[in-house]
Amino acid sequence: MKKIINQPDHVVDEMLDGLAFAYDSIVKRIPDTTVIARHLKADKRVGLVSGGGSGHEPSHAGFVGKGMLSAAVAGQVFTSPTPDQILEGIKAADEGQGVFLIVKNYTGDVMNFDMAKELAELEDIDVDFIVVDDDIAVEDSTFTAGRRGVAGTVFMHKILGAAADSGATLEEIKALSERVNANVYSIGLALSPATNPEVGKPGFELDGDEIEFGIGIHGEPGYSRETLKPSKELAQEFVSKLKKEIDWNPEDRFALLVNGMGATPLMEQFVFTNDLKALLEGEEQLNLAFKKVGDYMTAIDMAGLSLTLLKIEEDSWIDYLNYPVDVIGW
Amino acid sequence: MKKIINQPDHVVDEMLDGLAFAYDSIVKRIPDTTVIARHLKADKRVGLVSGGGSGHEPSHAGFVGKGMLSAAVAGQVFTSPTPDQILEGIKAADEGQGVFLIVKNYTGDVMNFDMAKELAELEDIDVDFIVVDDDIAVEDSTFTAGRRGVAGTVFMHKILGAAADSGATLEEIKALSERVNANVYSIGLALSPATNPEVGKPGFELDGDEIEFGIGIHGEPGYSRETLKPSKELAQEFVSKLKKEIDWNPEDRFALLVNGMGATPLMEQFVFTNDLKALLEGEEQLNLAFKKVGDYMTAIDMAGLSLTLLKIEEDSWIDYLNYPVDVIGW
Amino acid sequence: MSTTEKWISWISQFTDQIIEHKADLNQLDSAIGDGDHGSNMDRGVKAVKEKIDQGDYEELTDLFKDIGMSLVSKVGGASGPLYGSAFISMAKASKETDDPSLLLEAGLDGITKRGKADPGEKTMVDVWHPVVDSLKKGTLAQSDIDEALESTKDMKATKGRASYLGDRSIGHIDPGAQSSAYLFSTLLEAGVLDD
Amino acid sequence: MSTTEKWISWISQFTDQIIEHKADLNQLDSAIGDGDHGSNMDRGVKAVKEKIDQGDYEELTDLFKDIGMSLVSKVGGASGPLYGSAFISMAKASKETDDPSLLLEAGLDGITKRGKADPGEKTMVDVWHPVVDSLKKGTLAQSDIDEALESTKDMKATKGRASYLGDRSIGHIDPGAQSSAYLFSTLLEAGVLDD
């Protein structure tokens, strides 16, 4: 393992301190917690809290700030944060109008956020939540823990953040979140595995010319392992997979996110985006009303990328996506 | 070589199309050139053009837009753009008040930008330029091509961009650029080499536990090869190297940039930043008046990072660094 | 030895087992999960140990509550809330009874309320469930634990992270079942059931 | 064969050499630079070939100008402006003379004006300079070129990218010197100097 760290089990703590130091104009770390919160509370708005295991930087602390999240709670690397920490995040976010939790669909995250919600309710804070499950690589059936939450979560942060900043109530945010979740679809691939510093060796193995489609953001296995293909063909595979799921028509409006997994150069992300252009705008004639390319929901040092499409149901979603924010990572 | 590309020699072209597509609200590609320009010219401002070899994304196109660069010219990977392309960039940037070029100190870049300046002057465009040479790893002597231009160039983009947007004249920008260049210092290290897609194999080799201090952004060799140390000690090495060069005093004001080389997770960048905090703010008692951490001047998929310190000579520099911009990569 | 002491001795033997087998548990979790179950549990039991070393427990309720809260706040992941809920549920039950089989039944209850897994889904429940059955019959032996643990090998995971693997989860022992097996082996060894 | 044809045949032989040795030039540049000199030159000579295949050159001036502009606009890096300046300078000189030694002297002049390298700095100038000397004496032979090229091996680079290596640049042939050696070998082979 070749990493710029000190002790592996201090990584999360030191990372949070480094982040809070570097961006002290935007965020602060709540002392003795793993919570990164924005400085100033907005004015009687619904608080928005996200979080999850560390290793997905800039998620989630990178989206804390004006117009987006109120607080983010970090767990150990690839491990859900614990209920007591999430409770601290909820308290930091609370402005008396209730707090909304954005949770990715992993058993651990769901259970820990759920316990935190129970704890917060004991302290008379209204809490509601959405469990984002955008990863179409996983079959959605009663025989699995359901679809995983991946990069689509970033769109959730952005849209709910703008809505909260614009004064939406807890109930309105809950309703909006369910509609966004019903319309967001992601699919990813890996060229090389991530190495969790606390584990010290790669989470899986890929041969020199192998890639894996449908990988999760913690190195969960995907649906097929193949030899590396040109970017165009990778894009084609993603688009056909998504098309089967979404069943779109020409002129349908979408927001697009091409997300790097941590070690994929922007160069490759833009080449891939160019291939998506030909397929989505060209062949499929979709209307891509919002686009974003870069590292937003990473898996430490995994090489690979994911594609997220959000079907736009309302003009306001585009406005929310374009809503100005003051955060580290958007 | 494991990369998400199509043909290696189409990478730059496809990347530029992908970038212009993804961020069509901010920039456009000038047809049949490798120039990315902002949509709207400002109002009779000095034009700012930067550029260089590709492979440093988000540099340079990622800094084109309101408040920063007018245009960026891309060369082949790790190869200076040619004078005819730079001339196209100059024309795209020209608003009748002259055009200022930001060049990194590499023989190829300097000569190509110089030829472009001659061509532009033939077309009656006033052109001046700065050659950024912030890399203290290289000894500055008449026996070398001089210090290389590296991540400090990003501060140059930001400060001059804000100055130009605020109405500074070509002469004022030239003078400002010289003062910024005289005060900016960088030093880098690599954990693993970059692979230029057109070359197909890594630019150099490092053993499993080796790192190289003083590496350039195209894989130029550094000043020493050592075994990997904890982040704290890497930070210590950088700080002592910079201290020798800058000769600072407590309370001196600096802007700090921790820059990832492309494949270094933000997690590690923040851990490293935390160690810098202890050294620079703690031991050295410097006043870090502006801070930024992330991938700004990369070397494709190199793992490693660099530290840039800019000694602040005037309050206005801080204002310029904080000046709002609408670009892809800041 | 008072009852509390036996339970404490159990937990401290469990702690030792987890610390000793941290890498093994990570290994099992690498095969069908994300490779951290050993690290997660290790963090948890160390926190438990630190907590109960400071305390002076007269009441089982206080002991179980401290164990549960330490696990909840230190383990994280899926296993944290599950083991935590088990002990918090045992804490509640201990106000009414000190019968091990009833206490551990309450623990299993806490787990299934939180995780909603049925037997056969390849989780820790596949150890807890048969063990609690045997406990209630008063017949629990190491062989029951071993058998329950082994049975997870041929199951297909339909809960937790391993469920993403589908059929590929078959052929591996479930890591949470393994840590639960340590829990019950040490229960036998610590003599909690003897009297 | 007209004079123009000889010069064209030179450039096309040079083109073939560069294409054939692209990987070798990259290899030389990997040792002391950034490994792209072959790719850069390859791109350049292909553009030159495409350009002059279309043209019908009566005047050396037009030929050299097209070569120079193609190189300038396609090679990039350090070698683009240098080779480009050489041919643009030759184009200017060809208005006055068609003597190969004077033309190539003008080429060298273009290179040193642009790059400001003196002999001994481990660059292409270390081939151009002695070759132009021999040309002017009328004695240029392959051995002069080989010797000039070899001489760059023991030099320490003080210009260009290789200068960052300091002493570590010693022991390697300079890639730009190598491409220039191809330029002059093919000059001999194409019979430009014969009459």
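Labels for the chains are A, B, C and D, by order of writing; each one numbers its residues from 1.
The rule is simple: a residue touches a chain if its C-beta (ideal position, glycine included) is under 8 Å from a C-beta of that chain, and two chains touch if they have at least 3 such contacts.
Just so we're clear, the structure is a prediction, and the values are computed from it rather than from any experiment.
Chains touching both chain C and chain D: none. With centres defined as mean CA coordinates, chain C is found 31 Å away from chain A.
In whole angstrom, the spacing between the mean C-alpha positions of chain B and chain C is 54.
Multi-chain contact residues of chain B, defined as those touching 2 or more other chains: none present. Shown for chain C are the residues that touch two or more other chains, of which there are none. Applying the touch definition to all chain combinations yields A-B, A-C, B-D.
On the chain A side of its complex with chain B, the touching residues are 2-7, 11, 14-19, 21-24, 54-55, 57-58, 62, 191-192, 197, 208-209, 211, 228, 230-232, 234, 258, 262-275, 277, 281, 291-293, 295, 298, 300-301, 303, 305.
Chain A contributes residues 53, 75-85, 106-108, 111-112, 114-115, 138-139, 142-145, 148, 196, 198-199, 203, 216, 218-221 to its touches with chain C in the complex. Put simply, chain C touches chain A in their complex at residues 26, 30, 34-36, 39-40, 43, 72-82, 84-85, 114-115, 158-161, 163-166, 168.
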